[in-house]
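Alright, structures below, take your time with them.
Two complexes, one shared chain (chain A), two partners (chain B, chain C).
Our next item is the complex of A and B:
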């Protein structure tokens, strides 16, 4: 957070003349609206979630009293919990790794000079700006068993001899949904990498050329190491976003059949609003939240590294 | 490799990549222009046999679309205004002053940026029930404003810090006053940051799904994202209307997004990558 402290250093000297308490309270009018909003709508739900996970709440929403840890034992007794957690891990790792590798290539392409580059960049941001839900819906329609264009193309090419109901089989459905998640993750990731590439000074490449380094060596010895901060931040933001993804699975399979394509977010939602077991779903959300918190801590450690500018 | 060949190859690959990213939305348009009977045909056709442009006009009466559109506009506009009203003073103060708790404040901003509504939706829902705010637009405005606040504070803080203090002081000495200097000098100079914050918040709120799905009950309080999937249920399938509506929702925000694309990355990566 170097830049941050530096910016404030030369700041107004007026607060220094105020006596202790007034000085301590001086920032309050400026910060209060932000603090109130975050406190009321981000921190309150966190507390409320933890509280709910310890309450016994009937399916109609009436609080019947404390539940101790029974919501948590109920949750860990769910036969679907461990498969869902495993699938979430697979979902996050698969999508983030695929998106990162593809983005390295895509970022490089967007960085290269060619006619129409501006238009290509605009095309790439479309899935980023568009609602993820609506993008997932068009993929669901393209994968439709009867009328979907993907079956039509594969039939016309002779790859298939009869239509496949892609989203009816859990393994296939999960792979396609991971593909859609990669599709919507690529724009952000490749733009982060593009920004990283743009920050590498030309003379570094000049020096490599003078030394007679091959394109391959230049990429692995110079470009990739210098992209490290971009890759780090991009990856962590992606891990959190992909982990928290809901609309793709919700709109394409609704986590079904059964819980066969659920990840933690859709699983939590179903426990709360289908099974009407709010306490247990809050317990699931707390577990989910702890996993995210772990990632946030990793993120903070990453941005505070001496090497990373913040 | 011949330089001209290289450029041609890059352009070729580039245009193919562009096509790949656009194809799903082209299919969206083609589906939106098909007559309903063509949508149940198996296998489906590529192009509409009859280009049914009237789908785009009929859709307004097939569902209370105008209402949903208005809800989306109010929620996204309201959230953007509220976020900006909270973020502007905080970001400005933190950029211009050193005070106790400044580091803690910026850290809080950074940490909240990592929280998504999805992770907290159960807590948000319980809170809205407790506050008697379920099925209201206020709830959606509050939630969208709060979850976008960190991004706004961060990007505005970055832009304000980049404005030289001397510039502001010059205006101050010219008798503009502190607020006058802010509005006449600092804001115009940091306009790209402000516009980025505004546009990004608006689009994120416009596209928000899970909280609206949970909190909105009445049809006339549902934003577009929640209304759109109801064109295809177990009782009815109107894919042409679903995608006509989707395009109505997508096209304006894509254009807005293209406007701020170049300023976004710095803010989204919390200033860690320049």
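Our next item is the complex of A and C:
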């Protein structure tokens, strides 16, 4: 930061420093298009979000003026806020861990040579290619207590003696929705891991074989450490995606009954469009944004050991 | 690294400024002469768009130079869209919606007398004019109305050995238990986030409860309401309703009602054409007054949608809006809409046209005893939002008194 201000001051008072500034600005023409894009689609919305969170907006949507920090105090007075935050962490941790563990196995399977591998690889992509909303709606109807196929099957198998309204009970509903989230997260994660597996050179495994390493040792001492970069990327992208996931919960339970299955994104929506409190909703969005930043930073710090290349 | 960051921020800010500038320019510059207006209409069913297309074509032919741009919005999207329009200063000239008072409070809409002729103003039924006022002035233009009555399946009643529909709450429970013993759901209770406020009020008003007290202050946790919710909870817990009312919407209830699997449910004039006929045209059902706790006085839930005319471009759009609204409010055009969509009239002139249909007549007759949600209170939409989210939990895990107190707090905070 100092460099720029100094250079700026130099430009006006001491023309001799001008080439320095010019050198600093030289890459700008090449960077400008991407900088403009980043500015328009990333920074501007963030600025607007923060600005909205400091405004007093009436229930009709009219801006009445500044609100100071009252939107934030309203938000932290919500009795539902802390349960929602806790649930969000549970949701993110559960979905990302389950998806990563399953994807490690799936990636290994897709990496192995077997007849029909191409078909299996295509099949794994399907949940990714299908719209998340569609997937979630189909699951919702499959889980319906009155006409859902899951109840039908379980009744016919004698597992249940009467239909269960899966999505009406918060704990069950959350588990089912986490299952759906894992399902739609698998393709991306397993393909990132597959790419990682393909980048591990064969001679490392050969050396391990010569040294007499067992299959487990090979996996935990060689494969997993060398997958670090892929796992890192996959996890960060998944954390952000799952954290911000809206359609699955919205289309399956709307965060209900009450707020019992809300995560921060559905809660944000409800504050804006049910409670008609846009300012407080923006404050919630800011908190959400900061939480994601914090989680990603913590994660990066946790995995970046000295000397590891990531 | 640091220099790049400054560059990014600088670029971002300049884009933000440029974009903000453009946004303002285009929002107000959509129409310069005030002769083209934008009309946002709600989709009531598949026929709605065809009706407006034809009406607008007719209007434009009779008013050369004037144009109406129609935008159809689904009810499920309506709240979000309207709020966004206002927030981004892209309000339509005329909006078909179920609330108006917060627009009036914020000075966004015309008074009714500014946008319709005195004849039209005088034609509105007084009941509805009272609902369309904010601080003693009429802002909303009553558009359609609707009433709620108890639908019951006559075949299921016969099978359960019951005569007529129940009049008291005790009868409702007893009848529901007999219907359940006969193998169907006794009462279909939709308390999900879709329309919990309408279902609850239909019961509460027949127990002397309601949203506000005599002085107009929020009284959501009043004893009569707690007793009502406790009764509904008791119905649920004794197993005579469908499972999990807190997650059920009306479509699900009436779908099962049409299949002959639910004995009783509360519906409106649109229920036959919208829900029952598509599933089973031959369903043998009857319509009765809403049951009340003591069976003496039966109130009906009245519902009214409105048209609201937004001020734009310093009032330049007023003439076009007035022409369009006066055109719509001719007896011929309004009664055509009501018949097509199955709603009740809000004007005297359209009133007679509908009383000829015996099914519709029951609802028209119920209108004089109808009670409305406090839509003239600008805080109502936030209160209704809180009710939709939270009320249902009182019949599952929650406690009726606590749930209602929570909503009462929200209401007091909203104003």
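We adopt the following convention: the second predicted complex is superposed on the first by the 254 of 310 C-alpha atoms of A that agree within 3 Å, B and C clash if a C-alpha of one lies under 4 Å from a C-alpha of the other, contacts with A are read in each partner's own complex, and residues count from 1 in each chain.
Everything that follows uses one rule, which is that a contact is a pair of C-beta atoms (placed from the backbone, for glycine too) under 8 Å apart; a residue touches a chain by one contact, two chains touch by 3 or more.
Computed from a predicted model, the values in this text were never measured in an experiment.
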Contacts of A:61 with chain B and chain C, given as first, second, both or neither: both
Of chain C and chain B, partner touching more chain A residues: B
Touching partner for A:201 - first (chain B), second (chain C), both, neither: neither
Which of chain B and chain C A:256 touches, first, second, both or neither: second
Chain B versus chain C as contact partner of A:270, first or second or both or neither: second
Contacts of A:133 with chain B and chain C, given as first, second, both or neither: first
First, second, both or neither for A:165, with chain B first and chain C second: second
First, second, both or neither for A:20, with chain B first and chain C second: neither
Which of chain B and chain C A:281 touches, first, second, both or neither: first
Chain C-contacting residues of chain A that also contact chain B: 1, 3-4, 24, 31, 35-36, 38, 40, 42, 44, 47-48, 61, 146, 163, 272-273, 278
Chain A residues within the chain C interface of the complex: 1-4, 24, 28, 31-32, 35-36, 38-40, 42-44, 47-48, 57-64, 79, 145-146, 163, 165, 167-168, 253-254, 256-260, 270, 272-278
Partner chain B, residues of chain A touching it in the complex: 1, 3-5, 7-12, 15, 23-24, 26-27, 29-31, 33-38, 40-42, 44-49, 52, 61, 106, 109, 112-117, 119-135, 137-139, 141-142, 144, 146-149, 151-152, 155, 163, 183, 186-188, 191-192, 194-196, 199, 229-230, 233-234, 237, 240-241, 244-247, 251, 265, 268-269, 272-273, 278, 281-282, 285, 288-289, 292, 295-296, 299-300, 303, 308-310
List of chain B residues in touch with chain A within their complex: 7, 10-11, 13-15, 17-19, 21-22, 24-25, 27-28, 31, 39-46, 82-83, 85-87, 89-90, 92-103, 105-112, 114-116, 118-127, 129-130, 142-143, 145-147, 149-150, 153, 157, 161, 165, 203, 206-207, 209-210, 214, 224-225, 228-229, 232, 239, 242-243, 246, 249-250, 253-254, 256-258, 261, 264-266, 268-274
Of chain C, residues touching chain A in the complex: 2-9, 11-16, 19, 79-80, 82-87, 102-103, 105-106, 108, 192-193, 242-244, 246-247, 252, 256, 378-379, 381-382, 385-386, 388-390, 392-393, 396-398, 406, 410, 414
